[in-house]
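By written order: A, B, C and D. Residues from 1 in each chain.
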Amino acid sequence: MRVKQTTLAEAASLVSDGDTVALQNMATQAAPMAMVRELIRQGRRELGLVCLVGGIALDWLAAAGCMNRFIGNAVSMEQFGLAQHYRRGVESGRIRMEELSETALLARLGAGARNLPFLPTRGMIGTDLIDINENLTMLDDPFGGPPVVACRALVPDVALIHCHRADRHGNVQYEPTALWPDIGIMPKAARRVIVTTEQIVDSDVLRVNPDRTVLPGFVVDAVVEVPWGAHPTSFNPLYGYDAALHLAWAAAARSDDDVAAFLDSYVYGPADHDAYLTAVGGVERMAALARWETG
Amino acid sequence: MRVKQTTLAEAASLVSDGDTVALQNMATQAAPMAMVRELIRQGRRELGLVCLVGGIALDWLAAAGCMNRFIGNAVSMEQFGLAQHYRRGVESGRIRMEELSETALLARLGAGARNLPFLPTRGMIGTDLIDINENLTMLDDPFGGPPVVACRALVPDVALIHCHRADRHGNVQYEPTALWPDIGIMPKAARRVIVTTEQIVDSDVLRVNPDRTVLPGFVVDAVVEVPWGAHPTSFNPLYGYDAALHLAWAAAARSDDDVAAFLDSYVYGPADHDAYLTAVGGVERMAALARWETG
Amino acid sequence: MAPDPHLDSPPAGDWTVDELMIAVLASCFEDGDQACNGMASFLPVAALQLAKLTHAPDLVWLAGAVGLEPRPGPIPASTLEAPLWRDALMYVEQYGDFWTLALNGRWLQKFCVGAAQLDRFGNANNSVIGGDFHAPKVRLPGTAGLADMGSLGKQLYYWNPNHNPRSLVETVDFVSCAGYLGGGDERERLGLTGGPELVVTNLCVMDFEPDSKHMRLRSVHPDVTLEQVLDATGYEPVLPPGGVPVTPKPTAEQVRLIREVIDPHGMRHREFRRR
Amino acid sequence: MAPDPHLDSPPAGDWTVDELMIAVLASCFEDGDQACNGMASFLPVAALQLAKLTHAPDLVWLAGAVGLEPRPGPIPASTLEAPLWRDALMYVEQYGDFWTLALNGRWLQKFCVGAAQLDRFGNANNSVIGGDFHAPKVRLPGTAGLADMGSLGKQLYYWNPNHNPRSLVETVDFVSCAGYLGGGDERERLGLTGGPELVVTNLCVMDFEPDSKHMRLRSVHPDVTLEQVLDATGYEPVLPPGGVPVTPKPTAEQVRLIREVIDPHGMRHREFRRR
């Protein structure tokens, strides 16, 4: 199998201004944050983001002016509140949100992955979400049953994924944990796939647990080793979310100056991922998060 | 959680004459054969079978006069040849086959599981399979893209599944192995689910590997402990298919007398599953199959 | 909310409204039901655990819509993070498994919903308030699974720890979750079954008048007056004939279970601080 | 079938037709392609392994459409049982994963097909022969994944170890796999891309004339005459201008790899016994 291993900087070059970017994320969980910071540092503009539930990644991208649209179910940092910059972006009209129910987002991505023009759902019927969305339309059942909501195929330009281990060919493995839909379907729907991984291992390590491999290397374009690459989100079972950094962001988000200082400290400032880890507390902090001392 | 543990005989009473029965099966693999033999012994009639690829189970059901229709992709015992009784049943008009491509069968079952009236595929376009099947129809994409084949929802009355271990609540676990679609979708589509399992374990055993649990107990109606319950098909990684018994059946299938004798020896005759295991070679034979000495 | 023998222990002398709300939500679940929870859902999670510990031992909980029947333990700081579903019997994959089970219609038939806005017909809004959808006055988190649950024949149980005229409104600004729509048989005419069953707030319990589908006051919490409820509600709920009953207090045993076993760290109070 | 430097070893002095067919099929796969195999597919499995060991080391094999890149080993008695995919890098789940990847159109773009009947336009039949669909003269196994692969833009490579007028027919009794249908642009007009590329039999290699989509003789195997091929074919294949070339013999190295490494137990011979 071909070798896909590369650096964060090289991998980020697979994302262009204006791209639609499917981002693994679930409130406070499992976002490929190192790759998100790299995109911000490289100054990407006019990105469209696709998430099930967007969290701090989306708020940073919004605060840094990298995004102008979002397709997804919700944006929230759960216990750390709403993503204020994302929210203001939408309220000011700078960011356009295509709001979908979960089955509708999965149908749009599922159709994209399967090269089908649409997939149906029975969710959302009766809501205001259908009429305002040109990618959704009511469709009669050709067999005379109840009508469905047809959800138009969505093919993101690129998917960003973080995993527990991968080999240098891009075969992607997860430890037993919650498998969110972004892992199962986004990378198959997207034109390009960038994987960051806690660890690059020899392929023979994957053969020990072939049932834990969730993506074959041939769908992956780049794989980068980034330990703690989901920080400050959690990456179960390895480490918990960093509550302190989430709270610091939620506090900074109220003032433009504080936002600039925060992004300088944690996104623009650190020369590389190691410098970032030092800035957020280094080995000691990571060890605490590995014990799920998240507070 | 409620207790679903019962006996083969009790579980089989959940299957009525005329039912549409989704059967886990893949040529020579993983069929819930003990339950199939129980249904034959109990004399079920006019069953409709739904399989991805039907194997020896289907041929026994056909030879015993239990079935009058089949919905699926193919029927074959692979290296042991065609299922001759099934085949003659179709050729004589006694068994009606609804022949579907794999994506079409998965779409029909997937729609049934998801309470959608249909799901689309792009397979089969141009073949003769669509026009002759009232459960398939061409459908225009409401967004102006290419047309699809709409596949009408299929809701079997009952699904029969075999697994590596389960608890008495019907939570179903597999060892790492090939996960065929019948495991992933048939039990969710069917109105009732009967599980046979190599082993009933305490629920705490399941908690060690929650990623290997493939069905929550609340979808299961009955669970029965039947070690070697897939014999003479294989049940990876525990044991291989029994080539000798497949060959004996293939030979017997040529004459009505031999078929009757075969079914008496291995299906009608043995008083229970233990007696069946003795009849097919007992502990020694099972040990050889566990070493994948299948010949 | 059928009478339940397990609840026939003496009412608590010392109780708070969060505990009362948990007890009411717990009574909505029956033995053998299955239920999941979403983000920031401390009251529903506590209610599911309370039901399991009292009248519904065979209630099946899909923690965070991920972990089947985790080992009981104190509610952690998040209802959508791994500590909630530790030692589960199954990790339910979301794309193929969870949504297939939820769409099916035979399982997961009851769902607790938190909504920023709720109107008299039980329509909910977690999307936008005011202005245009694409330049709203307030952008809410988004509908997520709620827009599905409202249309899939589920019985919906709304909870609201901060009953006020801005959250209980005459008409929602945007329907992100289908309740009874315009009322009457409008929901039925769209082919939708199920629908809102109950609304549990910090002041009262409401249900829906069977024909009109107007929200109806079912009981007012102890120490709350009818006037307080009406003042805090952006529409006039239907009043039951013959006076409004008082919501039963949680029992002493329920309060003990909530405080000592289910939520010793008091995570449930976050729901009240949040708004 | 572009010329390949890895094949430039001397032709084998001692070869058999199964080895020649495997070599021809192997030459259809390029480095970086992905391919799976179905039931009773000994020649394609041997061809994929041969390609990997010679000109296409980065060809990705999805053994039995289940096991990603198993450790190389002798072909076992079944091409759809666990021994084929032992020590794989991944078990590909069939419902969500395999068919999603196959439908996508970017992966698994080449597929080897065995068919009971094949007609001059590359339409295949594994369903029924003679009579009515519901009371046929012969019920074949069924189309399985083939009816998908024929319509999903794949390049199809037919193999047939028993070239005769009953298997290579003027018109198939039933189209279970879409080839070029009635020929010309009929396939294109249905919005289908891809299609049959090559037919490899025990007598010859055929491809398809680009405009008419009629099957065309590409080469005749060594020691086989053009007359033998035409007698064994139920229609008249298009003949290439300037005479029919002879199929290149497998190289000595290819034959050695097949006999000693890939299929030491001779499982490939079962395909010839079967018919």
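Keep this in mind: a residue touches a chain if its C-beta (ideal position, glycine included) is under 8 Å from a C-beta of that chain, and two chains touch if they have at least 3 such contacts.
Here the structure is a predicted model, which means the values were calculated and not measured.
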item: Interchain contact steps from subunit C to subunit D (minimum; 1 if touching); value: 1
item: Whole-Å gap between the CA centroids of subunit A and subunit C; value: 29
item: Mean-CA-position distance for subunit D and subunit A (Å); value: 41
item: Junction residues of subunit D, two or more chains touched; value: 67, 91, 95-96, 99, 103, 152
item: Sequence positions of subunit A contacting 2 or more other chains; value: 110, 114-116, 121-122, 146, 176-177, 184-185, 210-211
item: Contact graph of the chains (line, ring, star, complete, other); value: complete
item: Touching residues (chain side subunit D, partner subunit A) in the complex; value: 32, 34, 58, 60, 62, 67-69, 71, 87-92, 96, 99-101, 103-105, 107, 152
item: Subunit C-facing residues of subunit A, complex; value: 26-29, 53, 72-76, 78-79, 82, 86-87, 90-93, 96-97, 99-104, 106, 110, 121-129, 132, 146-147, 176-181, 184-185, 234, 236-237, 240-241, 243, 292, 294-295
item: Residues of subunit C that touch subunit D when the two form their complex; value: 95-96
item: Contact footprint of subunit A on subunit B as seen in their complex; value: 114-122, 135, 137, 139, 141-143, 145-146, 148, 150, 152-153, 176-177, 209-212
item: In the complex with subunit C, residue positions of subunit B that touch it; value: 1-2, 110, 113-116, 167, 171, 184-185, 188, 203, 206-207, 210-211, 213-219
